[in-house]
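Pasting the structures in now, so scroll down.
In what follows, subunit A forms one complex with subunit B and a second complex with subunit C.
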Partner chain A sequence: MGVPGEGLAKGLAVTLKTMTRRSHTRQYPDVEPDLPPRSRGVIALLEENCTVCMLCARECPDWCIYIDSHKEEVVVPGAARARQRNVLDRFDIDFSLCMYCGICIEACPFDALYWTPEFEYAEYDIRDLLHDKSRLGEWMATVPPPPPHDPNGEPSKEETAAVKKAAPR
Partner chain B sequence: MPLWLELTIRVAGVVVAFLTLPLIVGQAEHKVMAHMQGRLGPMYAGAFHGWAQLIADGVKFVQKEDVTPRAADRPVFQLAPLVALVPYLLVLLVIPLGPDDLVGQALDIGLFFALAVVGVGVVAVLMSGWASANKYSLLGGLRAAAQLLGYELPLVLAAASVAMAAGTLSLPGIVEAWEPWWLLWQAPALGVFFIAGVAEIRRPPFDMPIADSELVFGYMTEYTGLRFAFFLLAEYVGIVVIAALTTVLFLGGWQGPFGDDYLGWLWTLIKVFAVSFVIIWLRVTYPRLREDQLQRLCWLVLVPVALAQLVLTAAVKIAT
Partner chain C sequence: MTDLREVTVGTGAGLDTADMVLNIGPQHPSTHGVLRLKLVLDGERVVSCEPIVGYMHRGAEKLFEVRDYRQIIVLANRHDWLSAFANELGVVLAVERLMGLEVPERAVWLRTALAELNRILNHLMFLGSYPLEIGAITPVFYAFRERETLQAVLEEATGGRMHYMFNRVGGLKEEVPAGWTRRTREAVGQVRRRLPDLENLIRRNEIFLARTVGVGVLTAAQAAAFGASGPVARASGLDFDLRHDEPYLAYGDLDVPVVTREAGDCHARFEVLLDQVHVSLDLVDRCLEMVDRITGPVNVRLPKVVKAPEGHTYAWTENPLGLNGYYLVSRGEKTPWRMKMRTASYANVQALSTLIPGCLVPDLIAILGSMFFVVGDIDK
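For the complex of A and B:
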């Protein structure tokens, strides 16, 4: 048992102390928020890297990626016969379905998909949340550089592979 | 100066105080409460730290539809906000701002008048609670009636103590008789008067009649637009009135460390705002008292303390 009224005084002290400290409010529309690295704002597409392998569309848990493509013959001079190449016609992500799990980005074997912290793409109509490849490509400009390697983390796959290769058999 | 001119100036001064002080207190409440909760509060209205927020609120209230429920007792329902507001305007008339008759109307029975008029508030609350034809309003109104009638007693007893000490019922007379050591002598009465005053204007932590988490909004549930704004304004004028009465009765009114003659009004205003700050501070800090705790505090703590203070005051008064 303390002094009677001690708790009341403590309560007053807490509120008074809070008043003298800086408030936690962030003035969002006026001041840009400083988002942590690897924030999951939106998925950007680097079209040149896409080979239309469809892995992302297949791995997507809620099937929100729509891909159309056609094959083109590429005649390489000097080659025995013409090569075939996939050309991407349509690459849409429906962000009204997307749950930001990032599996598509993990699944992409050619680094064509990236997280970007850009988040200001709200729309008045839910149907406008279906974004095509040109819009996804615009977001590539906002992709931050990859964070440096954690010195305490495991060495990267490339590094271990290089060490293995260099090691005498 | 002719009489009519003097009267006009006095009444205009009271009206100006009636219209500005509550707004300042209201804005202070917005900001102080926000910062005590780690927020910023209004920041946009008026471009600089939301200084015009209450004006914007007022404009919004004026634009809203004035709804009277079909089952309501129309004239009573519509009259209640005015009955809530006018008494506080009348009280401001007798509160002295500074020495040398710097008061709306110096009444010899000023204290009596002020307490009597503040007591009218309970009528407005009962009117609104009963006339709304809403069970929440009725519950809120009855709770308010029980609370106001209960807390009237310690309020009056504490005020009586200081009146006894000063030997007058005139508010300027009490301030003139006031001496700094009364802060100690009348300290219990000060506490009782302040707590009972906060309860009298139904501010948190004594907002059981409003109790928005259980009674929607108590006796104000059915009010919209301008009439609701009047109730809100009455609450803020109430803060000013209680702070001013506490200042005048217990904190020495216009008496300050220096320059009482020409800075008296400033000392009064500083004290009024300081007390208002404490009222806001209490609101932010403490949770609402339960109905039984509310009545217990009144009858088992405040009334006995006020009676003991009366005995003490009488004893000291006779001894000196």
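For the complex of A and C:
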């Protein structure tokens, strides 16, 4: 064993060293944390893109997405017959059940669902965590642009889609 | 009056004390969760110890049977919530082996880097919480400072801080963001530079040594008999590390140095954890070097519905806490017919029944904390 009190002295030396450094503390309600764009905070819904295919609700591992819809006849001028269209009546996500896995977002074939790093939606009652399509739609404004991919890998699907669109036909 | 007279008082006779049965847990702060230990005490000395598990059983194996392989990853990364990435890895390795899939090289190296980052995060948690349990509150702040640094890069790549959900059958969910490897290297450098703070505080601290050296000695034979693995077994001199002995992912090219100790006591277990952090930091650096060199996709294009062909396989990985295995039986459906888990903590806590008898009650907490388990991993 070394000198008595050596552990204490060493500990105090570390404390002293840390004391001279700036603290990492961020004054949260006044200072927003900077979260990466991929951060899984909440799921936003872009209602216009939803075709009520129900893939998200079926793929969800704990079935926390509730969808209701009805069919509407759309008369297109010049067309022989009236077309049928799905209209979304209800799109609720129960965030008290959601496991934040992102499978619904991955499964959506029409890009109607997005992750956003927004996290300030705590409630006092667990029942208030069921959010409807208007609330999910409000979060669309907070969806950040996806980060560019590492140049060594494949470009993101957003980039590939943009290049395809820009290319002359 | 010089001759002594013996007087018998009461019915028990003499200094004999009755054995007392004491329950530690299921709600006890030192058990990090709901592990219950049924102890028989003779005064301050523990006569026998029976770990009673199952208070947090969530039926994960049964749930796997009604989930497809992507949904299984969600559940599988939750049983040991401190090693989510390593848990996901076992599942996808099993499915990939059954399907005969070859994963792109870039994905293999990225997976290895992420698995090692996850190992460091897990170890830092225990390096902070273990001293806390035996009375040193400061190390946990330093451990969490480092955890935060590494969690930031993991969140940047995966979007999650605990349940990464980044593995998919055939590779990873998506490519990492541009500049991620550089930022990860910086984070690893920072942690390596600041880790001596934590080490100086606790590694050779005399109070910590007094509480842990020679306490709770697990012999190599006992460790092997109970199926203990990971840092707990290696601290007893059992030189067994799947990353070295049966390499998966890119570990075959890395030649992982195995950290072992001979003593098998609480301090040896703590030291193995601490030294493994250094090893893992180096491994992350080497993986990132390869990631920067390899170009290509990080996943294989698969049909919407992934079905594993009929058959069975056992995939085991060296999780931060020990061996983690998945026995997958498929009948060609999109869900497994059966998926059995072999978890590290479950086997490791069984050794408590030989480790604890004979020790004193205050040592009990020191031993319990040094077995490094997660209750979710025990009860599944």
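To be clear about the criterion, the second predicted complex is superposed on the first by the 145 of 169 C-alpha atoms of A that agree within 3 Å, B and C clash if a C-alpha of one lies under 4 Å from a C-alpha of the other, contacts with A are read in each partner's own complex, and residues count from 1 in each chain.
The rule is short, and it goes like this: a contact is a pair of C-beta atoms (placed from the backbone, for glycine too) under 8 Å apart; a residue touches a chain by one contact, two chains touch by 3 or more.
The structure presented is a predicted model; accordingly, all values stated were derived computationally and were not measured.
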Clash or fit, subunit B versus subunit C on superposed subunit A: fit
Subunit B versus subunit C as contact partner of A:Gly102, first or second or both or neither: second
Partner chain in contact with A:Trp115 - subunit B first, subunit C second, else both or neither: second
First (subunit B), second (subunit C), both or neither touched by A:Gly11: both
Partner chain(s) touched by A:His24 [first = subunit B, second = subunit C, both, neither]: both
Partner chain in contact with A:Val163 - subunit B first, subunit C second, else both or neither: neither
Residues of subunit A touched, compared between subunit B and subunit C (which is higher): C
Partner chain(s) touched by A:Ala82 [first = subunit B, second = subunit C, both, neither]: neither
Subunit B and subunit C, minimum CA distance [Å, superposed model]: 5
Subunit B/subunit C common contact set on subunit A: 11, 14-15, 18, 24
Residues of subunit B touching subunit A in the complex: 32, 34-40, 43, 281-282, 284-286
Subunit A partner contacts - residues on subunit C that touch it in the complex: 67, 70-71, 73-75, 106, 138, 142, 145, 148, 152, 155-160, 163, 165, 173-181, 197, 200-201, 204-208, 291-292, 294-298
In the complex, subunit A residues that touch subunit B: 8, 11-12, 14-16, 18-19, 21, 23-25, 27
Interface residues, subunit A side, partner subunit C - complex: 1-2, 4, 6-7, 10-11, 13-15, 17-18, 24, 35-36, 38-40, 59, 61, 99-103, 106, 115, 147-154, 156
